[in-house]
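Below, each structure is written out as structure tokens.
Both complexes shown next keep chain A, but they swap its partner, so chain B is in the first and chain C is in the second.
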Partner chain A sequence: MTVTAPRPTPQRSAGSRAGDLLSRVFGGGSATVFALLIVVFAAIFIVNPSFAEPPSLMAFLKQAAPLMILAIGQYFVIVSGEFDLSVGSLVGAQVVIAAALIDGEEGRTVPVILLMVGFGILVGLVNGLITTLLKVQSFITTLGMMLVLYGAIRLWTGGAPTGALSEAFRQPGRGGIDMAVVRQLPWALMILVGVVIVAVAVMRSSYGRTLVATGDNERAAGFSGVRVWRVRTLAFVVSSVLATLAAILIGGYAGVTAQVGQGLEFTAITAVVLGGVVLGGGRGSVVAAMAGALTLEALFVLFNQLSMPSTIRPAVQGVIIIAAVAYAARERARPRHHQEVPSQPQPNEA
Partner chain B sequence: MRTTRALLAASAAAALLLAACTTDEPSDTAAPDETAAASEQPGAEGEDEETADGEFFVRADFDRQLAQRDVEPEGDPATPWLQAIEPEYVDTAQYAQDGNTLCFSNASVSNPWRVTGWITMQQQVEVLQAAGEIGEFRVSDAADDDNKQISDIQAFIDAGDCNAIIISPSTTATLTPAVEAACASGVPVIVFDRGVNTDCMVTFIHPIGGYAYGADGAEFLAENLEPGSTVLALRILPGVDVLENRWAAAQEIFADSELEVLGDEFTGGDGAEIKNIVTQYLQRGEVDGIWMDAGDGAVAAVEAFEDTGNDYPVMVGEDELSFLRKWQETGMTAIAPVYSNFQWRTPILAATMIWAGEQVPSEWVLPQDPITEEDRDDFLDRNADMPSLHYAKFGGEDLPGFPSAWQDR
Partner chain C sequence: MSRAVAVAGTGRTTRRRLGATELVWLALVGVTVIGAVLVALDDQNLFSIANTRDILSRSSLLGFVAIGQTLVILCRSLDLSVGYVMALSSLIAATTMNGDPARVPLAIGAVLLVAGAIGLCNGLIVTVLKVNPFIATLGVGLIIKGYLDTEYQGPAGEVPSSFQQFGFSRIGPVPVSTLVMLAVAVAGILFLRKTRTGYHMFAVGGSADVARLSGVRTGRVLVTAHVLCSIAAGIAGLLIAARFGTGSALVYNSGYDLESIAAVVLGGTLLMGGRGGIGGTIAGVLILAVLDTVFNILAVDPFFKDVLRGTIIVAAVAIYARRQIDRKASRIRFGGDGGSGGSAPPEPRPDQPAPELDRPGGPDDTDRRPGAGGSREPSVAADSGPADQQGHRPARHLDGTGGAR
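Entry: the complex of A and B
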């Protein structure tokens, strides 16, 4: 058995201290995503300089906001050591519910949005409680929820959504404040910024630390007095509520189609993992998860700007994601000076 | 370890680079083979991958479908679902049955077009059940799963009490043996919508087809855009023959026109995806026309022009109401090709005709006329209370369930 011998503690230089600070801000292994993000953006700007103009950037952020919000929600669940596969279906269900209930009437916008939030909380609670109290693995719980929602919506609508969204409902995802330079400051961007600020604050609060600790070592967290079931259930609720918010933005952005939300759960999980968050929990930062989502969206733009044939895009995307995550994993596996040295496995005495 | 990381970085860079390169290379399409049916011209840059083999383009079919558009169909224009283009009637006396149980193996109801048609079909069945012409109506839905549909059809055969089997196949090649098995069981078999590679069924019911659909839109763009204008093609999925035929026909038309095809993109029919893609093309440059292989999400494409402050393009949508309404509202130049949804009525009527010993066309080609600016408002009036994902040419206005059956989905 070979155990990688810890390297002698390197000399700490100013550079490494700065790097240390950066790595603390962005979390271990997530530097890759920021590097990738910069590379992708640089490539886009080279291919199409007009993309760097503020109106184009605003349009890009407006379109990317829902996935970033979904990724933030997914981050909460993943960092606590679970999965939420139900978000894509939930987005689809929420948009269909909104269209059916609003049915074009402006006055129903706010009540329906409140109802959607309520439904989101309910879905999160069910996911969380089944996972934590009934001890069903979240992969199965949320996979089941994904199918239940998908099926229920199909049953309810007969396969095709009915009704229409109101203009007011569409504003958050589609509208914004008209202004010079950027043409339009999208509401979606402002909502996103709000969500990010709250998410960062929550992750710095005691709840956030508990959440990460739970994901890192459930038993240890339990022994130290964390009510694991409550912490995790709350994470599922956060994910579902943010999925609801994403649904409002996506529905607003593009209106109702039968396919809305399809496959978003995997895009969101990919984004989170690309952001250097470890599946299984306990590591990674919420900002990096969000950057992962932004990188994914930017990759789609880059493919488009390169006029890459759409048939080979998924393959290229897959290669880039695997390479980036593998690279980040290498980075993380490298022993670092401020990291506790993994103790030699003690021979079992018994 | 350092080497591995360098390798990884290199591979990522290589992936990006290779991807970039593919678009810079000149078209690698083989020279058009004059002898084979596949004599597609490579279109604009970046769209040549799918056309190289001509798997989805048969010139004879293309020519026939384009010609069929100008043929006056036989039958009453008020009931287009009973009209037929150049029918060759077959005798059905040998299929006389002593019962009237009708069995239907449906590929799926996974999109609004199929949902609309499925409602129309059920309404038609109810009318005939009330009249005593149809007894039990047995249905199985394969949910787009070939294997499920094969076993569904086998179950109908094994049950032995179906007096006719209607099949809407999910895919062509895979379902062919199952349809042949149904034919061999001795009951009349009716196939509609997508085809199969056999002619053992009594009748194969379908509108003119995908080539005509694709050409309707592409010709409209060629006529309404200045030479040198740019067109973006939005497609749902690769590899589905009905959709590939539409695109192949459009490419054929574009190749003979002066239009520049900017690219063809797969959208999965998702509105958000469509809007993203169109927005990005608009950031790159001007887009004068949009061609779509199906109208799902056409409104999202139009909105992309609105939200980025661009003029409306010349638009190819479909007879889906959301698009027709947007078209009326904005007054843009557009056409709505139609893949006749009323075809869902025809197989039911065909079954009762076969039981009655009446002749039916062996290949029952239904009319397929696009909706143009002249008749758009008429169709909108007729469907005024219908939901936005309803199809204007659903052909069920005379059924007793109209309009509530189509409203409460």
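Entry: the complex of A and C
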């Protein structure tokens, strides 16, 4: 990159730079998800205009935050070229752990949350190290982890979740700051915004670029000095920690049941892929992955608003997912040479 | 550089005697022996008629699904819709038969037709619409789920007793369903080894772009694999109908999709495609069945069973992975591929330095392998598998289905 500096940088107008920025944010298969998001929201507003009022929007975001956080975690793993099928089980396990250990006592909230984060890190480390060092495909590693967590938690609690969550534990998931316009600014939304800011910053940092490079071509990344195993393991840890965070929000919002988290891994992966992130790694942005999750949640709201029978919903969801991903794939298949040329010096990048 | 690689290739062919499939069957023997000992300590006999029958009848259902799944995974795709196809097939079979023995052939035909059509959809969505197989089959599964949930609230239809024989009758200790499963497995093995499409499946899974450039119609091969996979799931659905005596929509909750993938991978087939086979898959299915039966006899807590199962699957794949790191290196140089032949690397091998290089990489190099290649070409042995996976990335706009995993 430094060698190419002598070549004069072509002057570009502000307009084309803005266009570049737009195409960088929305391009590469991600445009589909933003278009779909707008369409779904427009449909919701048409069916139910009162949904556009700030209080109901806030309530919607509060409900959508856990899946978006999960999707961000899943994005880290997917963009590095792997899968994490264990997040659904992990969410369930963490909620059950929280309920059993807190057992309704306020004083235990913070220690238990710390313990949960530690458990999340442990699960991520195990996933990552088995995948990278023992060379087990992540699909199998995390499938095994899913079975182990599912069984271990039920073995521990004897089948049904025991205990209760404390009021303080439930605050992040259901509480918020009372405000004038929006009635309540949910903690979940603020946590989500914090996670998004950190995630975007991380993806722009050298770690994020290394992660994408690893997902794109791990061999080339390895030759360039990337310690692939470390980068990927860290991605698994991020995914598990964010799943823990999502578990705290879900537990707070929905309470404890035996079914918490079931199937969430597929929803999260679907959300990420809907956001134009390519399974196999190396492509897609974290914002788009999050938008994919938001779109899915909006879709569920739309189904509600249309009072669509609950049995037919999976079918509609399936059709929409396939259609959206097919459309994005068609977009991507078009040759776009202006982005494929890497020799353009990019002054503001390390 | 190319010489070092060539040496690595020749050394490897001599070590191929114990293939992945043999290893899996050895693992099956090991699991059976350990299981038998544990059961014997509990004063019971794993090989009693009842227990053998239990193992075999457990394996038949998963066996059908896993055979189909093997074909798809060989092509570097996967099928998450099999559970839903099974449920739908059982319902179609039971409602079409409706207790009338004369309608059995009609029902079987209808099931195979519908299942094949679903597979066709899967395959076309993957190849023509270029949707990632994970999403494509998940989406098709959701569509079927929506249909099932809407149309069927509970069990429906009735299977005549003549067809229930398929589920219950046995010859000696061997259930008929297991025999049918083994027959399908043999047919599948012959299909992979003896037909052109079978060969092409390995080629497509190894590298879709290379296969295409070599004149393989990759799309057709992939669609064929998906159709066969769904038909196999349809047969499993028929078996469910025969066992339950009715059709049940809730079968899709049993997790056959992930379990079949686990069985396939346990059987030594690479999830990245291009390597493996049905023989190994059958061993994988039997391993899972033996484990289940042993757990049942020992009255292991069902939740502890999940923990053990998860651990065993990961551990087994970790063991295979240690070998496959080596084996993948041989595949990329066409050293000795299981299916598609071609043993001699195209590089000019008989150069002058070759013989002296050959010595360290000769037949006795079992434990020196990483060093032999490593001194000259540090990461060929360790890294070429993933490189093969990623190799076609630059031509991404051509690449529809390859970027799966």
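Heads up, the rule we're going with is that the second predicted complex is superposed on the first by the 316 of 350 C-alpha atoms of A that agree within 3 Å, B and C clash if a C-alpha of one lies under 4 Å from a C-alpha of the other, contacts with A are read in each partner's own complex, and residues count from 1 in each chain.
We take it that a contact is a pair of C-beta atoms (placed from the backbone, for glycine too) under 8 Å apart; a residue touches a chain by one contact, two chains touch by 3 or more.
What you are looking at is a predicted structure, and each value in this text was computed from that prediction instead of being measured.
Legend: residue contacts after superposition of the two complexes on their common chain; A:151 is shown touching chain C, with no touch to chain B.
Once chain A of one complex is fitted onto chain A of the other, the partner contacts of A:227 are absent, as it touches neither chain B nor chain C.
Once chain A of one complex is fitted onto chain A of the other, the partner contacts of A:48 are limited to chain B, with no touch recorded for chain C. In the superposition on chain A, contact of A:306 is made with chain B only, not with chain C. Touch criterion met: A:316 reaches chain B and chain C at once. Using the contact criterion defined above for the overlaid structures, shared-chain residue A:204 touches neither chain B nor chain C, since it reaches no partner. After overlaying the two complexes on the shared chain, residue contacts for A:273 are found with chain C alone; chain B is out of touch.
In the three-chain superposition model, chain A touches both chain B and chain C at residues 159, 309-312, 316, 319, 326, 330, 334.
Interface residues of chain B, counted against chain A in their complex, comprise 1, 4-5, 8-9, 11-12, 15-16, 18-20, 22-23, 45-47, 49-50, 109-112, 114-116, 119, 238, 263-266, 268-272, 274-277, 279-281, 283-284, 296-297, 299-300, 303, 307-309, 322, 387-389, 407, 409. Contacts from chain A toward chain C in the complex involve residues 81, 83, 85, 130, 134-137, 139-141, 143-148, 150-152, 154-155, 159, 216-220, 222-223, 266, 269-270, 273, 278-280, 282, 309-319, 321-322, 325-326, 329-330, 332-335. Interface residues of chain A facing chain B in the complex, by the touch rule stated above, are 36, 43, 48, 50-51, 55-56, 59, 63, 66, 157-164, 174, 183, 250, 253-260, 262, 300-312, 316, 319-320, 323-324, 326-327, 330-331, 334. Within the complex formed with chain A, the residues of chain C that make contact are 125, 129-132, 134-136, 138-147, 149-150, 258, 261-262, 265, 271-272, 301, 303-311, 313-314, 317-318, 321-322, 324-325, 379, 383-384, 386-387, 390, 393, 396-397, 400, 403-405.
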